[in-house]
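What follows is a pair of complexes built around chain A, which joins chain B in one and chain C in the other.
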Partner chain A sequence: MKSARSILTVAFWLLVAGLFAADLCLLQTYTPTEVTMGPVQKIFYFHLPVAICTFLACFITFVASVGYLWQRRTVFDDLASASARVAVQLCAVVLVTGMAWGRGAWGVWWTWSPRLTFSLILFLLYCVYLILRSSVEGRQRRATVAAVYGVIAFLDVPLVYLSAKLVPDIHPASIHLETSMQLTLLAWAVPVLLLTGGLICTRFRLNRLHSQLAEQSETDGRGFEVMPLTGNVAEA
Partner chain B sequence: MFYLRFAYAAGLLLLWGYAAMLWLESYRVHQSVARRNRMAETSGEKS
Partner chain C sequence: MPLALEQLLLLVGKDLKIEARSRQTVGLVVVLGLLIVTVLGLGLGGDAAAGFGATVVLWVAYLFSGVLCFEKTMAVERSDGALAALMLAPTSRATLYFAKLATNLLLMAAVALIITPAGVLFFHFDLSIAPGAFTGVMALSLLGFAAVGTLFAAVVSSSRLQGGLLAMMVFPIALPLVIASTQLMLHRFRDGLPLEPGAVGIIVAFDAIFLTASWLVFEIVLEP
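And now, the complex of A and B:
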């Protein structure tokens, strides 16, 4: 049973890696180059799906935080923590790809436009979420503080989305795409979504394991220490 | 073209680097759990 699960996990990650490789080939051979912006426009096919997945990860953190405040079950806290970590990672990718786009298209790495500013704030808010988790003592207290913060931090997500639509912004609010461009976007959305799901699930399983071990250690009084990378741990 | 390559390389490196870090941590935690279980079994046998 356990080995079947391991095989499925490896198959899943290989599939995601294969899809990414296929999409890179698609980008080189099939996707047309946009006339006005040139090759730099192709960053969009990676940038947009990652941005959508960032919102999704933030939303999962929000829902799990509400769930924890409502039911006080550690499973919600573990899920909120897992998706927040992935959200930080995804948001970093959105910022990096967006900056490269900005340099290529507008000639600057960064400009304080509403969407860019709110995106940076989103990244910082979730970084603070992680710092907050590591600085609060006591499992229940940490979970409660993080859940309240997780709900508040999510308020920035609608601001990021609406900023380019409601306020004049250098960042495009919507882009018209040809059919081949739409297909490329869809092809990139699949592995990015799978990767996001895979990362959240892996982190969530790790968090569950840590929580269960912490609970066990509290009941049987034996501590738990994660092995260092060398594996040369003296048997106690 | 440089900015296009830079964006994809940096983005994919960030995502897959994080995935690799997670696998490594997962491996270490599972090894530690196995060690903990072995120690629990050994101490149970001795008593």
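And now, the complex of A and C:
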């Protein structure tokens, strides 16, 4: 049973890697180069799906946080923590690809355009979520505090977006895509979505195991608390 | 007078009495605010920041002073188990939240009354163009900021977190207020345009959303 799961996991990651490789070939051979911006515009096919998946991960954190406050089950907290971590990672990718695009298109690494500003604030909001988790002692207290912040942070997202739009923008208002470009975008969306789902599931499983271990040690009365999971394996 | 309002006034009165006797918060926060305005004024240079930079500098001063204010008013409840005693009192958590919010707003208003003239003076900011617009926008913005700050101060206080975390939690959340109000001020004072309803709407929506959300989750935050 365990080995079957391992084989499935390996097969899943191989599929994701294969799809990314196929998309890169597609980008080189099939997708036309945009006239105004040139080859740098091709970042867009990766940038946009990652940005959409970032919102998806933030939304999962919000729903799981509400679920935790409603039901007080650790499974929701584990899911919220997993998706928030993935949201931060994806948002970092959005920022880096956005900056690279900006450098190629406008000649500057950073501009206070609404979309870049929004991505930066979103990144900071969820970084704070992760820092908060590692700062609170006690599993239940940590889950409650993180859930409250997770809800508040997500409620802030539309306001951040609207307020960032008040700043003057150099982005094009809309981008017209040819059919071949739309197909490329769709082809890139599939592996990015799978990657997001895979990362959240992997992290969620790790969090579940960690929670079960902590519950077990509490039931056994060993009287020690399992350290919160961080990015550093040695700390865990 | 309704019981909840009576309890709220009692709680606010208690907090203000503590502040009047100890004089710990307002003095400290005012000096911090003035220091921020001075340091930023020196750093930016009088000419570079003349006029329109004042709103941004004032916001920086409000943000840091506000966080210190929220921290101090909640820290009072932490000593001698005052928070536990307060929670045993026959009053709703919502009343506790709104009482703390009212205290914070009063203290911040007192601080703003000193910091704002200093900013206006140092940066040659001509407030006479639209004093009503400035006061209204800042009052609405500080209400939203205090709504979030009061909630997170309770989180920090009841979870025994380090003080620095409060600033880290509140600042990114409050950014829509900072962006909307500074853009409004720039358009009003620099460009001479009327207040943009969209930007005012963002501030009002922020206040409404976070007052409601904070009121709903405050009880959960105070759980032992």
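Definition applied: the second predicted complex is superposed on the first by the 206 of 236 C-alpha atoms of A that agree within 3 Å, B and C clash if a C-alpha of one lies under 4 Å from a C-alpha of the other, contacts with A are read in each partner's own complex, and residues count from 1 in each chain.
The rule is simple: a residue touches a chain if its C-beta (ideal position, glycine included) is under 8 Å from a C-beta of that chain, and two chains touch if they have at least 3 such contacts.
Please read all numbers here as calculations on a predicted model, not as lab measurements.
Legend: residue contacts after superposition of the two complexes on their common chain; A:Leu155 is shown touching chain C, with no touch to chain B. Looking at the shared chain after the overlay, A:Ile121 reaches chain C, while chain B stays out of its contact range. Within the superposed three-chain model, A:Arg141 lies in touch with chain C and out of touch with chain B [touch as defined at top]. In the superposed pair of complexes, A:Trp13 makes contact with chain B only, with no contact to chain C.
Chain A is touched at more residues by one of its partners, and among chain B and chain C that partner is B.
Contacts of A:Leu69 after superposition on the shared chain: chain C is touched, whereas chain B is not.
In the superposition on chain A, A:Arg133 makes contact with neither chain B nor chain C.
Touch criterion met: A:Ser163 reaches chain C, while chain B stays clear of it. Taken together, the two complexes place no residue of chain A in contact with both chain B and chain C. Interface of chain C with chain A (complex): residues 148, 151, 155, 159-162, 165, 168-169, 172-173, 175-177, 179-180, 183, 196, 198-199, 202, 205-206, 209-210, 213, 217, 220-221, 223.
The touching residues of chain A, when paired with chain B in their complex, are 13, 17, 20, 24, 39-40, 42-43, 46-47, 50, 86, 89-90, 92-93, 96-97, 100-101, 103-104, 195, 198-199, 202-203, 205-206, 209-210, 213, 222, 224-227, 229, 231, 233, 235-236. Residues of chain B that touch chain A in their complex: 1, 3-4, 6-8, 10-12, 14-16, 18-19, 22-26, 28-33, 35-36, 39-40.
Of all residues in chain A, only 69, 121, 124-125, 128, 131-132, 135-137, 141, 144-145, 148-149, 151-153, 155-156, 159-160, 162-164, 166-167 touch chain C in the complex they form.
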